[in-house]
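Questions regarding the structure given below will be posed in turn.
In this document, chain identifiers A, B and C correspond to the written order of the chains, with residue numbering beginning at 1 in each.
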Amino acid sequence: MTIHPRTHLATHPVAEMYADEYKAGKLSRREFMTRSTALGVSAAAAYSLIGLAPSTAQAQMATPPMGGSLRIQMEVRALKDPRTFDWSQMANVSRGILEYLVESRADGSFNGVLLESWEANEDASQYILRVRPGITFNNGDPFTAEDVAANFIGWCDSTVEGNSMAARMGALVDPDTGVAREGAIEVIDDMTVQITYPASDITLVAGIADYPAAVQHRDLIGTNPLDHGIGTGAYRVTDYEVGVSARLEKNTDHTYWGEAYLDEIVFIDLGQDPAAWFAGAEAGEFDMTYETVGEFVDLFSAIGWTQSEVVTAATVVIRPNQNNAPYDDVRVRRAIALAVDPQVCLDLGINGQGVTAENHHVAPIHPEYAELPPITVDKEAAAALLAEAGQSDFVFEITSIDDDYRRNTTDAVAAQLRDAGFNVERTVIPGSTFWNDWTTYSFSSTNWNHRELGVIILNLAYRSGVAWNESGFANAEFDALLDQANGIADADARREIMARLQSIMQEEGVTLQPYWRSLFRHYRDGVINADMHPKFEINVHYLGVAA
Amino acid sequence: MEPLTWSGALGAFLNPLMLAAVAVFILGFFANLALTLAGQRAGEIVVNPDNTLTEIKTPVDYALNAMRYAVLLFVVCCLGYIIGGIALPTLEAKGIIGAMAARLTPVWIALVVTFALSITFKRRLGLYGKLFDSPIGMIGFGLVMFWIFSSVFAGMVATHGPIDVISQMRNEVPGSPLPTGEDGLYPYYLLGGDNLGRDVFSRMIFGGQEVLKITPVATLFAFMVGITLGLPAGYFGGKLDTLLTFIANLALAFPVILLFFLLVTPEIVAAGVPQYMSMVLFIFPILFFAVLFNSRFSIQPMKRNILLALVLSIGGIGYMSLISDASDPDLPLIFRLWPEWLDLFDIQGNILIVFVSVVFVNSPTVFRIVRGLVLDIKTRDYVAASTTRGEGPWYIMLWEILPNARGPLIVDFCLRIGYTTILLGTLGFFGLGVSPESPDWGSTINEGRRLLTIYPHPALPPALALMSLVLGLNLLADGLREESLKD
Amino acid sequence: MGQFILRRAGVMLLTALCLTFVVFFLTNLFPNLEKLAKTQGNARMTDAEVVSWLDRNGYGGPMIVRYGEWLGVAPGWTREDPETGRITGRCIDQGMDPAEAPRFCGLLQGDLGYSTVSDAEVSEIIGGRLQLTLILMAWAFGVMVPAALIIGVLAGMREGSRTDRSLSTLAIASTATPEYVSGVIFIVLLASSTAGLSPILAEWGWIDSRTLFLGSARSAMEEGVTFWNFTLPVMTIALYGMGYIARMTRASMAEVMTAQYIRTARLKGQSFRNIVLKHALRNALIAPFTVIMLQFPWLLTGVVIVETLFNYNGFGWTLVQAASNNDIELLLACSIVAVFVVLVTQLISDIGYVFLNPRIRLA
């Protein structure tokens, strides 16, 4: 094992290689930042590798004045064990108490929060995590390597129902016992933890930056933060009414390790209807949206709010579930894919605010994206394929949530299928009940958030039998290739396998995935550091309002 | 192609006239108001000593006359648009209003024929004929018939299909032309496109069809249930009355909205609750007709038997087809026994739920009305007379009391259709409606409401349509009530 | 009178029992419980696991017993875990010693249960929300009833006159405009900064804020009711209910105006104004009173629509949330309140009718 000596601008041999690629124009800056910071290179060092001064290149955050109160429009959902969080909204509230080891920034870089730094060995199979010194929990206990290790063990516990962190931990989980592998997580000293994978894995940092990876006190793994309120963050929850509002207040009894500016943050739940959000904005009920969608982007701008946009790999999939007939027949799935033009979905679904995608759920902004031949849309061929499968009379029931863009996109799919001669019925389920069985509907739409790497998404959603595999896709070849891809640190090398993975997705007609969304957020003048994040993260510690 | 203007070629001429009419009306109204407040009274007719009449005119009369003529002028302008719309050659000249009027030609013809025939023969048409003595009733009837005819001729009136999508036409304003390359279709979206690029005008017309398919039938069922239970309750009184009234009050005390939410919950649907309810509710029409014929023809066994057999077999098959659906494996076994080849039609799950809830909500009120009427009528002499004649109780109820209670019942029927339309819209508003893409008015209002502040055009037509239909029904009911009271 | 009220109250109690049982039955059907088990426990339970989860959590017994427990007339269930020996039960809150827990805990003891979705006691949730709705209802009634009575009386005092015709048509039009139509139109016209009147008025400098009224009543919940945030919801509710009451008042007024004693008063040479105010009004208001009281249950639907439309987290909104989230105990509590409101208003309307009408005397 080689540990590179940590100097201020420590780098990594692979990162240096990426830097060359960037300079040669083979990598975008965003991809370069994602890849190199994932290997433990600090954002500043990464910028210096490509010859940019961090202060000019990085979206520099302003320092807001102390004090003030901010109201954010966001759904307030019942909190639970953070490992089982299924909504970034939950984490946005809990982030006031429970912080993360690492956070991902809007520019694609990873930034240490509770970790001061991390390093990977050359084949990315072993990571050294260094804890930031001087952090205490609000009950007075110091934050140490023990806490980090305890959280890792908790995340690896795939026996906990709904623990989506287990999928993110990948090979750290022993497939036989369902818990962390012996010796995978080692506490080296008070401030250092060593993570060892059986093979190389590059998704670790991205995984622990994701919203279910909130760090709990070592004795409180698996509990609801709302019940105990113990964490490292600068805030405490004073009110929490599901569906109505949540209120965070600066915890004056606790010495926070960093800076926190606002005295109070209120999350206001105005339901799922963007029209209601807009009405609330016009009525001056909040200062910042969680997300602005569709036509409302222009509307919010029209009333003078500041717009913040980020291009992401956030998307909507309209997937048949292969555990249901006739979707177990690949011809039917192919026919569906042939009949739907992504451009129409983009126009009708999200007002053209995004770019078209190719039904394989790997985005061009992902570093390992492989360019495939453009997909074809051929309604006659679709009808012929459907007839061949003997399902011309089958009534396709497409389910969606009752909201704006997801419903419209699904309606657009339904209309196009009808055009191609499919027999289609639509079902719309209210937002509150939709998610109760979102993985089991026979044909339905789901929105997926942005992830930093293509393999992360494929691991989460398309590997056989994982918790969020909503398409019921189970393919041994796909799983094997995915394992292989997970172990390749070099994105170019990974791309070859990705090309195969992506084309399996298309050939099997696993899902319709018509577009990548640009995400928008609006805030009033005077709100500071509220820019849109590709994964909807709101870090309450950074926010501020101009005096 | 250029988008259509609202008023087309006639606009240059008719628009100023219409504006003038509106202006005169408003002026007249305020003048009238001011004069009345100032103590002026309308003129009176005075009998002169030489037995001639003189009408004394005051400024109030002039103001009123001005208003009257303004209304007349306005109506003439509207007619001008309609006739112009039909007569003018090109769509561009017709304008949006004219083009809509032209599409509605079959409706106008049907309306003119109906009114002409009805007014000609109104003395021979009983209560219906008397409706044409009341201007309010005529307006109401006209509105209702307009929607009925436009639903009947929906296929001819609508320019596009209710769920046909042209993605480029999304949220386009009224009068927008279709993109080039869409040959063989009507070249404009008359009232614009909705958020999925569907034609608002066609959806409004088909939405009316959807609404008028469900509401009158549902109301009729509610009446059958209410009448079948209300007659004996009022006539026999006693324990039966107490029990039925208690049950009706029970159903009335059940909050409508809670019932809807409970009934549409997927779990409750899966348990077959709406099916069981329909099993109970839909037996009443059969019961009603069976008793009706039985009591009438009990002295002619042959005729009675034939009629009963007809009612029971047609009703029975219809009933079983209605409640069973052998092809749905999720239903409880009892609804899957009826063989598929005898199952004439399956009602889509959602429609059945809407239907059942609407019938369930309406029938207790009908029950109360019928019971009240029976309590009143049964003291009349002709009832006593038929009792002495030795008629059976059911004969008296169905053939003596019921026909004499028809006036208030018809009035209530009209009102109740309107109310049912509103209920159906409420269901659509909460996303519990007929089906997600259904063009029914409640659902379209709910969809359009999201983007209302930028694009009011998809939500307003169905909202105004719903208002006008309900208003028409209410006015019709008012007219009928007034005329039936004149007896 | 006393006996009459007693009897009515008895019937009311029986009705309440029946209705709550119906709601209890509908919300406790097996598919609902199965869904509850899966959302509370885990989503991929087998059928056997669902049954054992339900058993463990007190949903196992016969429906009627559970209804009794919920009412508080049957002792709450208790269960000893065979492995750990821990005793759990309906009446044993977390951290409570099983020995100290009460035997009964249901509606009668004031325990409405626990809301699974909101993660809080039902009684806490319902209390706060109900208060918000009461404020809304009070304002709506305060606007609707006087306006409707004035319109009705004005129309009914000279039947067939022009005033009558126009006011009656107005009343009919208002009953033909349900809340979801009028609310939507009001928002566009008065509370949108891009359409309707507000941009024009703002341009002329007549209003300082961006919109004339607020299209969302949420600020009324925390900062109190103001003219700006409450006008539209109140108008929306009041408009639809107003027409009906106005028409009833008109009919009743018109009938009274043709009565003998009014004719007598006229012949005596009393002024028209005196006749209307002193003689006709009292008798004309008996029928509308009953109607007004019976209007409460109808308002409930209106309140649900308006609270959804204007984002006011009151009782109606809670009902929608509970129903769509399969929050069984919360939904039951909501239905209790709804049924209670309906029955109490019926009772008041009956008593009021008897009280106001001099012709009815009860022994």
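Operating definition for what follows: a residue touches a chain if its C-beta (ideal position, glycine included) is under 8 Å from a C-beta of that chain, and two chains touch if they have at least 3 such contacts.
Note that this is a predicted model, so its numbers are computed, not measured.
A centroid comparison over C-alpha atoms places B as the chain most distant from subunit A.
A comparison of the A-C and B-C interfaces places the larger number of contacting C-beta pairs at B-C.
At the centre of the protein atoms shown, by the Cα-centroid criterion, sits C. Between subunit A and subunit B the centroid-to-centroid distance comes to 51 Å (mean Cα coordinates, whole Å). We define each chain's centre as the mean of its Cα atoms; on that basis subunit A and subunit C are separated by 42 Å.
In terms of their C-alpha centroids, the spacing between subunit B and subunit C amounts to 27 Å. The residues of subunit A that reach two or more other chains are 299, 430, 433, listed in rising order.
Residues of subunit C in contact with at least two other chains: 35, 187, 192, 194, 324, 326. Multi-chain contact residues, meaning those touching two or more other chains, occur in subunit B at positions 266, 449, 452-454. Listing the residues of subunit A that touch subunit C in their complex gives 78-79, 161-162, 226, 241-244, 268, 270-271, 276, 279-280, 282-285, 299, 302-303, 430, 432-433, 436-437, 439.
Within the complex, the subunit C residues that touch subunit B are 11, 14-15, 18-19, 22-23, 26-27, 29-32, 34-35, 168-169, 172-173, 175-178, 180-181, 184-185, 187-188, 192, 194-195, 297, 300-301, 304-305, 308, 316, 319-320, 323-324, 326, 334-335, 338-339, 342-343, 346.
Residue ranges on subunit C touching subunit A, taken from their complex, read 35, 38-39, 41-44, 117-120, 187, 191-194, 210-211, 214-216, 218-219, 229, 310-311, 313, 321, 324-326.
On subunit A, the positions that touch subunit B within their shared complex are 273-275, 278, 295, 298-299, 344, 347-348, 402, 404, 407-408, 411-412, 414-416, 418-419, 425-430, 433. Subunit B contributes residues 136, 246, 249-250, 252-258, 261-262, 265-268, 270-271, 273, 418, 422, 425-426, 429-430, 442, 445-446, 449, 452-454, 456, 459, 463, 466-467, 470-471, 473-475, 478 to its touches with subunit C in the complex.
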